[in-house]
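Please find one structure pasted underneath; my questions will follow.
A, B, C and D label the chains in the order they appear, each numbered from 1.
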Amino acid sequence: MNTFGKIFRLTSFGESHGRGIGGIIDGCPAGLDLDIDLIQKDLARRKPGQSKITTQRKEADQVEFLSGVFEGKTQGTPIAFAIWNKDQHSKDYNDLKDVYRPSHADYTYTKKYGTRDHRGGGRSSARETIARVVAGAIAKQILASRGISIQAFVSQVGEIQLKKSYTEIDLSKTDDNIVRCPDPETAEKMITRIEAAAKDRDTVGGVITGVAKGVPAGWGEPVFNKLHADLGFAMLGINAVKGFEYGSGFEGTKLSGSQHNDVFIKTSDGVRTKTNNSGGIQGGISNGEDVYFRVAFKPIATLLKEQKTVDKSNNEITINPKGRHDPCVLPRAVPIVEAMAAMVLADHFLLSKLNTI
Amino acid sequence: MNTFGKIFRLTSFGESHGRGIGGIIDGCPAGLDLDIDLIQKDLARRKPGQSKITTQRKEADQVEFLSGVFEGKTQGTPIAFAIWNKDQHSKDYNDLKDVYRPSHADYTYTKKYGTRDHRGGGRSSARETIARVVAGAIAKQILASRGISIQAFVSQVGEIQLKKSYTEIDLSKTDDNIVRCPDPETAEKMITRIEAAAKDRDTVGGVITGVAKGVPAGWGEPVFNKLHADLGFAMLGINAVKGFEYGSGFEGTKLSGSQHNDVFIKTSDGVRTKTNNSGGIQGGISNGEDVYFRVAFKPIATLLKEQKTVDKSNNEITINPKGRHDPCVLPRAVPIVEAMAAMVLADHFLLSKLNTI
Amino acid sequence: MNTFGKIFRLTSFGESHGRGIGGIIDGCPAGLDLDIDLIQKDLARRKPGQSKITTQRKEADQVEFLSGVFEGKTQGTPIAFAIWNKDQHSKDYNDLKDVYRPSHADYTYTKKYGTRDHRGGGRSSARETIARVVAGAIAKQILASRGISIQAFVSQVGEIQLKKSYTEIDLSKTDDNIVRCPDPETAEKMITRIEAAAKDRDTVGGVITGVAKGVPAGWGEPVFNKLHADLGFAMLGINAVKGFEYGSGFEGTKLSGSQHNDVFIKTSDGVRTKTNNSGGIQGGISNGEDVYFRVAFKPIATLLKEQKTVDKSNNEITINPKGRHDPCVLPRAVPIVEAMAAMVLADHFLLSKLNTI
Amino acid sequence: MNTFGKIFRLTSFGESHGRGIGGIIDGCPAGLDLDIDLIQKDLARRKPGQSKITTQRKEADQVEFLSGVFEGKTQGTPIAFAIWNKDQHSKDYNDLKDVYRPSHADYTYTKKYGTRDHRGGGRSSARETIARVVAGAIAKQILASRGISIQAFVSQVGEIQLKKSYTEIDLSKTDDNIVRCPDPETAEKMITRIEAAAKDRDTVGGVITGVAKGVPAGWGEPVFNKLHADLGFAMLGINAVKGFEYGSGFEGTKLSGSQHNDVFIKTSDGVRTKTNNSGGIQGGISNGEDVYFRVAFKPIATLLKEQKTVDKSNNEITINPKGRHDPCVLPRAVPIVEAMAAMVLADHFLLSKLNTI
């Protein structure tokens, strides 16, 4: 249940305050020249303390490869890796040992397992997503070898929305600002919004948009493992995610079929569609157009303000957490969204080798 | 890739105009007294020709069990079943043999497999969902034995939205009208909207809401197979679905954490939450509150009006489909949403047996 | 748990006296021209009543394809099929309803599931292997398209052993006699031995040898899914099988390393080995030499003579089964061994597409 | 492909001369009090340098747990662990970089992956089995909590065979001598035989017998995942294994059904069998009797004497390996056989929770 993927499979391990976070990637083909810098770069985009609008915890988040890579090349054998924990303040959590923090996993984990590593959220901590960023950064390199790129960006923070379509924006500017919204004007407003939340010791949610360019027609499986179903599953597995839509999404439900259908046209490139309400996927299979989707993140649950709750013995109590926390998870979640999308697409690239005799 | 589920697994088969649609359920525990009438009842809710706002095709959609059930009881062995095709008009599709219908899977299947059964959409036809309704109806019976019920209903058709929360409505009235919206007034408007689409030889999309009551705390897996990730995956695998959200969903992204958090309270029943923005799921694991979610359906692609497109040889052509088609898929999709949710929950019920030593 | 294979996957269904036996093959690539006659031919090699040394039950064992094949070609979609039961004498088994027949699955099924379809052994009947023969016959066609052939033959019946190595025999003569031993002289003795057992209302076991020619170097997985581990798993899943060995097998354990090692030599064909104690597999991966192995079958448990046993209520009783049974399962098991080997090899052929980037 | 098990799943990683060997165990239930000493004890039974008849390499083989265990208890979350490599002499292998050693995996890995970590056999090294011993030692603790024990022992070395049945021997004496044969007299002969092989710079094979006591009736799956098929798959995945048989095995093929059948009898304990040719498994499911089986190991391929072979460029060459190697793998393989059996049985224990509603 801690494995993601069908052919390119990540099994992740680790708790927030344990020895470290890591994983094993099984099914990565042999012969890929790994660029470790690119992996480390995505880790830096995810890591805490990277800007004034993220938590100020300092973590090096340096990946160490334990197997499967030899002389810089993948060997076809399992790629194990770890990011050792360093800056853990486990004692900060002693008071929370028996507390069920509101909208956290404390209560549900206890009900499920009868036991729980309470330090820093244990296994339920978003620190686990480090493993996904590493595996995703490798998947990106597989895709890049096929001319496919993935780019995510923050398109909403609280009520602040990026109004333009991704097709009207230069996505290469995403990392030019600390909130990772490629439109500088909107980015500014988003940063102000996050700073207001932080000042208020509160948090704020938002939306990340993801775009994959260069996906060839024919990827995805017809029935259950539709390309968008696998993408949705991947995104909904990220901490704090509450919704997923692709192409026209929830808005498209209001259209008529005649407005919504993407007419096929003849081009010098072959068959294309005039519009892309389909989000690049028809019948669950890519059609060669851009694949794009939106991911909803709730405001994270850890507030640095007083809240009422109950504890393990069903006593009503008041908590007032201290520590270093993110007022808004979205800027740091951009590489996670990209990583999950990359793993899904790399998986379908590999699966597509099996389509025909 | 045609198997759904981890423990309770459905492998489905069949094409729209082939011998039939069916599947094998593997992993259904032994000793369940199967109520075949309940299964047939859900098939009747899905079947075409059931009302004036659905396609007028007549299909009996009678399930035949081929194995795994003996003297009315599941045996623990694979439950195979089939619904034989009967009212297929395969010749209606001869003209479409080489055509790529807009927003259909014709083009993408051809790109994937190099070959395609064009009759009635072949494997990409929503007729395949019959298999899911059968398996889901069995999953419902497993859940019922644990006091869990699942109810879906149409909460939006085109721009017509049900304004009330599900908690304010009597969900048992869902099947009292042909559109399957439990609020009679809204139902009326929805029916009118669908009839307008039909008259216009067009189609219309919408939203289905699903609610599971009685799910105990502790179901779901912590990382990738979060309960809502599995639900989302299930829903996104249904034909025409474009989005999924649970609990506060996309709207919740606009809230502050202090508004969004569900405060735990002490009750005579044990720990409960004051609000349910979490949709009954925290950290991917059920917390004992209602699990609820929304599923976006695009307007279906088959229009009975002229549309431009291209064919297999990249010729620009005009099509004008005939036949019997649904102007709106939502009323018939209600049992499919329930079926998929039931399979996910039955799976997590079984998985929950493995949590502790 | 009723699915076999990783990429090319058979999920089988059916009980001995139910509606029929069948399965779904998922993961068969699109574009294979299916030769149904070849499938039916293997079914004929497995079917009862084919000669004087098999059971005299008459079953047509005609396969019907329900999906996944269109205009003679595989579609990449699930291939469902069934062989409908016809000549079942369910009443023959009424007396055995509560009886635990010695060395049968009656007792263990009851302990596992709490319920049991007692008619003809239910799911534990070797009639289930029909599904494997169909899937295996398709796998053989995939392999044939790559120049790979699989041939099994009876190499031992009771104490009668074929003394020659398979390399000294013309395997194409296997089906020239009813016992399926390619050496006519040994075949004669085996037939006599089986007739003696039948006359004595008893049964006799034996060994089947399998050989795959043309397997290229590089198939198999390094650690758990070694090519021979997958073959062994496949064979041990056949009813009545008690052992599996490949290459030098149990005999090889008596040799020194210097005697056992297969020296590599340089040939015009590239690297070959001088001897083949490795059975064509080194480190779990094929090396281009013949893959060969031996499968031990116990004497089947159904005797037409009096035996003491107990029943469900722990009463000591005596049974004296009637009916039509095989004195020796081996001649009919030859196509089953081939089928399982073919599925394993087809799976590894498909997996081998994923080795390198 | 580097994952073993269905519910209790080990994914292993590591190469002989890489950073270390380890794995992730997913699916281990929460709440098990882990006895680390017992794990370390099995590692000591596997480790090199433990006696005069094993390789003289010194490796500490100390396990470090990286996740999933908190305050001595399993958490239900993935248990990651590593054994860091220390005493690697990678330079010993420089000369072998391009050489295909006879009956090793050098050639087949190169054909499969196009690349290979040649140092110490890389991934194909039996050093990988450390991961299995750790996971198996945890599985043993799960089983012990259910009163089940597993004991393996060396029953043959070269032509020296233990003549007695395991039922006539005190298995608790297995570890009393360095060859791990519970019969002191036979053990003596085996040690002499191994010393002779070592002196001759050669190697010798043999057989390990495994016995599981206390397995309740009802474990195993009816068709493909028969309990013995899973055991056979597990054993055949161990380096150097060439064959597997259970119960009466290959010898049983020579018996008549009337000799072979295990008659059920009535006892104060309930239903038992008079004999146990079935090896505790009938129809693939345990019947409550002892489960026992035999595993054939070839003489290992690394000889410290001159051998002819070819290299990557198809040149004929002569090699004369140096280094520290085992003349006989069997004494060190005893805990590996136990570990694999324990994982299979723990898996079926967990699966058995899913049999009935």
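Please note the rule applied: contacts are C-beta pairs under 8 Å (C-beta built on N, C-alpha and C of every residue); 3 or more make two chains touch, one makes a residue touch a chain.
Here the structure is a predicted model, which is why all the values come from computation and not from measurement.
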Between B-C and A-B, the pair joined by more C-beta contacts: A-B
Most widely separated chain from subunit D, with each centre as the mean of CA atoms: B
Mean-CA-position distance for subunit D and subunit B (Å): 46
Gap in Å, rounded to a whole number, between the CA centres of subunit B and subunit A: 26
Intercentroid distance (Cα basis), subunit C paired with subunit B, Å: 40
Of all residues in subunit B, the ones touching two or more other chains: 1-3, 12, 27, 30-31, 76-77, 112-114, 123, 222, 355-356
List of subunit D residues in touch with subunit A within their complex: 1-3, 9, 11-15, 18-20, 22-24, 26-27, 30-31, 64-68, 70, 73, 75-80, 82, 112-117, 122-123
Residues of subunit B defined as touching subunit A within the complex: 1-4, 6, 12, 100, 102-105, 107-109, 111-114, 123-124, 128, 156, 158-159, 197, 200, 202-207, 216-226, 228-230, 232-233, 236-237, 239, 242-250, 252-266, 270-271, 273, 277-279, 281-288, 296-303, 305, 307-310, 314-316, 351-352, 355-356
Interface residues, subunit C side, partner subunit A - complex: 7, 27, 29-32, 74, 76-77, 142, 145, 222, 350, 353-357
